[in-house]
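Think of it as A, B, C and D in the order they're written, each chain with its own count starting at 1.
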């Protein structure tokens, strides 16, 4: 929210109506609104699930009820240790969302300043930063993440780091590109003429004005991060059991896919719906923030 | 199809003469989107004789370009919808043509020169190809012949023929507009629609391009609709003038009619807002206010809110057409009152 | 259950017999017959069998669960492949549980103790490249053998003639004859080709199948062509493909879809589906060959429970082995009775030998936890457990351990790892965990893997257990030829390991496979290394 | 143009150096090493000898030095696990990866570009909306999950297609190609559509129509040619990604490609294989990128002009980035 205030400070009058405009355009996009609704529900569930879901429902094993197909008692069926897949999937929301958000925050925190500096200063600094970015993006991101997790060990936070770091180049590129478009605007010249320091100009004037692509990128990247994290889990490099992260659920279910494909179906659907929601919101945001792009 | 039409239509006004290259009757074009309708062109009628140049004047958004596009039946749809009317070009209604006929008519019978030469040319094809394409489409000839013709056209508009192999980005703005003109004239069109062809150009280039167009028009005996908001250009080249405001033609007449015997308050406003070279101390008198929102046009005169002569009735009731001569009419209800005059003096 | 599968295996064997027209012995030629005659018999039987039995498909494809990466018989971790390409000196028949002559036709200890072993070698055997097999190749193969089980004992060979050799050991090992049978590391390779081609020379063996290196993709697909000059019975199938498919469900999918003719290791929960499918045949290896033993071990070098005997015992008593078996879904698994020893390995201790009762009892476990708390001075530490969690069977075992510990109030954190990670932790970084879940294929002779579990420098010593006393006992047990003394020593070690809850064994796993109905000749075994040599499929 | 290509090839050098450095050190920091893994049952003397041979008795810098020395001599080193030259290993896996990559890109291009064009030209129609919904769903599906579900349906239930491996020619290719292709198709449809939507509003199309150019030609010649740059960018990027080995898909379908080799080698800590394969992948991706850049020049004369003027700022030569993106997986 404070960033929002900064925009207001910089982009003279009419910001409020501009924001209302954005909201109006966003609201008109049915897909985006649906996505947002799903996200709100998911975030609410993810944020509160710790308080109302008894631990026993999630990790409590009941071997007499193992591998039961979906029924009224167990909506999504039970897994090989007799744990209810529905509640595990619900609880998994927390981890999957957290991984998505934290990973993206990590990549934004590293990538955006790097991109801003590269775009603002240009010259040698830019060359160095962009070459390093090139090198990092020459390594396929999933392999990058695998390597990072192998090095740092398999903890949730390392998984977030791995997924986050692998996505840094994208943020650097996007930020640099949009900084390049605003850096020669007159109000930047004016700020420079007023003797403002470079960091001040970058953070107060430039970044707030290229937020749109970064916000869009962030939303879409969360979706990407959730998929990446679950792919890592799928390859066996994911999160610590018995944590019911969706990718981990899916991986566990993969073993039983022949006879019990529901074990794969539901966590997969959960991932898909969440990612879909993020993608729809991302698309909606892009169209709303940058109406040129639509029609 | 408003009430006004029924009452005020004057069938004699646009005689279906054979010497009319263009005849527009009751044309209405709206842009319809989900939550609003832009009334871009509202029930206009006009005609153009062979060899004539009609100037179409008005502010941005008055509906000039839409009218021109409608003549080509090129109003983007959606959102554009031609609600009613007919457009006869050389006796054939373009609005009723099949796709095939339309494609044959466009570029050969009717051509158009667009406002911004910078964006009117396809950046990925050579200018020669772009001119030749038009020739290929409308004339029965080989590729080589078409290209030859394209080179000739380039020379005609004053560009060395060798440059036919170059791409648009290698040309300056004025040169590009010459290319656009070459494309438009490549197949000797009967009717040329010029949509502010010089607006985007430097003043010196403007003059060159205008001269070129006039010269070519003479050479090829083309009729022209010349859209501009520059009254100076109108005075220089046009035979007749139509003034548009909010999608309606509010005054139409010969050049003398409109310039020297101005009748409509809006036209008067346009002249008043020009600087006067003879009297540099004279104050510029811009028209107060802005064009009305085209999605919410009033029932009556759209100009009334800005009009110094307007009465309450002007706002509520549709305008009346008032005819001063065979060639000159205005759309203004105040002329119903005998003795109503606007301030601008007649220059004889 | 076990009985039934043995019968099945016997049946399979009988079928093999009929297939080769009774001319030669089943899995490997048993008769230490004179070389020329055997050479004459083998091709003859092959030719006689094929037309008689008629229509077997030329090409068999098998889905395997371990990745064959390289072609060095002593260092590639791929017994499945080795069994096809190489011959051992002596063959161990898993089904009959007896030693049979292979490249060596006869063997005997020629020294007082078990330090010099004399071998008579089979004559007339050629390698896939046509080179003759001689004592030079035996010496070379043993000299270059990288496996600790051989290299730690083997000193050198005294070549007595082309087909006669004495193997001299550094220290006595009564089990050495058994070690020479191991398909994991005792294959014989061609000296000449190895010296000529450092990369692929060791891909040349004397076995019934030749590697088709041109079409082989290491780590994915191994292509084999039948060795028509094989000294034993020549398989009727002419081409064999091993495909590495890591996930059990994908292997089954490939089998159901008839992309492969047989698969190793059916996923635990897929067993009923396979059994119900009329097109498929479920085959268990139970009873054939040594079983894998699944266990929990405490880190005795630097783990949090190393000094707290009660804590270890409490955890041991909290785990219900039946639960573990249920959770991993291994239907033919056999729960452990506490002894850490192969179930068909001699010198096995039994429940009556143990001094302490560590059987499943939650109440007792809770009482032990209280004692453990006292010992620890109030609170118990959080315990970290690791293991190769990439395999769900391990993961589920770990989850049961975690849950069992939770029941008695001990928090357990799972540190996921993979094969490489676990190896690094146990062998080279010494620890970084308090508990480890793992498994070990316990052999039928005691001086191999069994000993490595508690021997101080043993490769399988995941408990990182260091005791000079125990190591000395093991050394003595290995070198002595006195069986009574061996039994006494080995039992003492087992009792010590059990009573101190160093290793908490859970169950002997069963290994299985599945094949299309009509596939014959595969010897399925419990060590996870079925023999595909004579696999065939009637059209 | 030649100078440009030479410059691009030279730019590979820092990338190779950087990639090798990062990957090598990362692999080294991972728990365990390949020798420990294969050497579990090895005798201590043999293991010590191997440690010496591969430089594991010395620091990682020494090993990196050895590796780079080999690299300078044109060798990518020797795999510890496979006991084989890395180049040879890579070349054994490359055909499968190439096959999968080109099949999926081809399928995606053939289907998605016409669909994207149709969606853009009938903006707001049923076709447009449906294609957008389908492609956003396609974009949101984790592809390993899609692969699993396809395998269950087409191999297990229907027995139509093989579920794994690359032994049955074109049939083996279908499921993996669909799995990889679905995501690509979604991305490409969206890119084509939005790029066409941008172009479709351009004045020069109006010029073309005013010339009497038939609508089909206007779209397929005048508009498409201008919309191609972002489409080519995406095709290039996705082709590059696919060449790096569709790691996850290759795993699901036991496809003998480079991606699976790399991931297996990561698990086995086979540093030389991982480093070598990633270097080769980076080189391959750079080559694809170069081809894409050269294609730009063919498609757009404005960019052609920039390539031939090597002194111009590089930033300008960088073509407009594709507006679409995909999840990293």
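Just so it is clear, a residue touches a chain if its C-beta (ideal position, glycine included) is under 8 Å from a C-beta of that chain, and two chains touch if they have at least 3 such contacts.
Source: prediction; values computed, not measured.
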| item | value |
| --- | --- |
| Comparison of A-D and B-D by number of C-beta pairs in contact, larger one | A-D |
| Taking each chain's C-alpha mean as its centre, the one farthest from chain A | B |
| Centrality ranking, top chain (CA atoms only) | D |
| Approximate Å spacing (C-alpha centroids) for the pair chain B, chain C | 91 |
| Whole-Å gap separating chain A and chain D, where each centre is the average of the chain's CA atoms | 22 |
| Distance from chain D to chain B - Cα centre to Cα centre, in angstrom | 53 |
| Centroid distance [mean C-alpha coordinates] between chain C and chain A, Å | 46 |
| Contacts with two or more other chains, residues of chain A listed in rising order | 153, 254, 257-258 |
| Residues of chain B whose C-beta touches two or more other chains | none |
| Residue numbers of chain D (touch at least two other chains) | 30-31, 152, 156, 251 |
| Inter-chain touch pairs (all) | A-C, A-D, B-D, C-D |
| Complex interface listing, chain D residues touching chain A | 14-15, 18-19, 22-23, 26-27, 29-31, 123, 133, 136-137, 139-142, 144-145, 148-149, 152, 156, 194, 197-198, 201, 241, 244-245, 247-248, 251, 259, 262-263, 266, 274, 278, 281-282, 285-286, 315, 321, 323, 325-329 |
| Contact set on chain A toward chain D in their complex | 31, 131-132, 134-136, 138-143, 146-148, 150-151, 153, 163, 166-167, 170, 173, 177, 180, 217, 220, 223-225, 227-228, 230-231, 234-235, 250, 254, 257-258, 261, 264-265, 268, 271-273, 275-276, 279-280, 283, 293-295 |
| Of all residues in chain D, those that touch chain B in their complex | 124, 202-215, 222, 225-226, 299-302, 305 |
| Chain A residues touching chain C - in the complex, by the definition given at the top | 59, 61, 63, 66-67, 80-81, 153-154, 236, 240-242, 252, 254-260 |
| Contact footprint of chain D on chain C as seen in their complex | 61, 67, 69-72, 75-77, 146-152, 184-185, 199, 217-221, 241, 243-246, 250, 253-254, 256-259, 390, 417-421, 423-425, 427-429, 457, 459 |
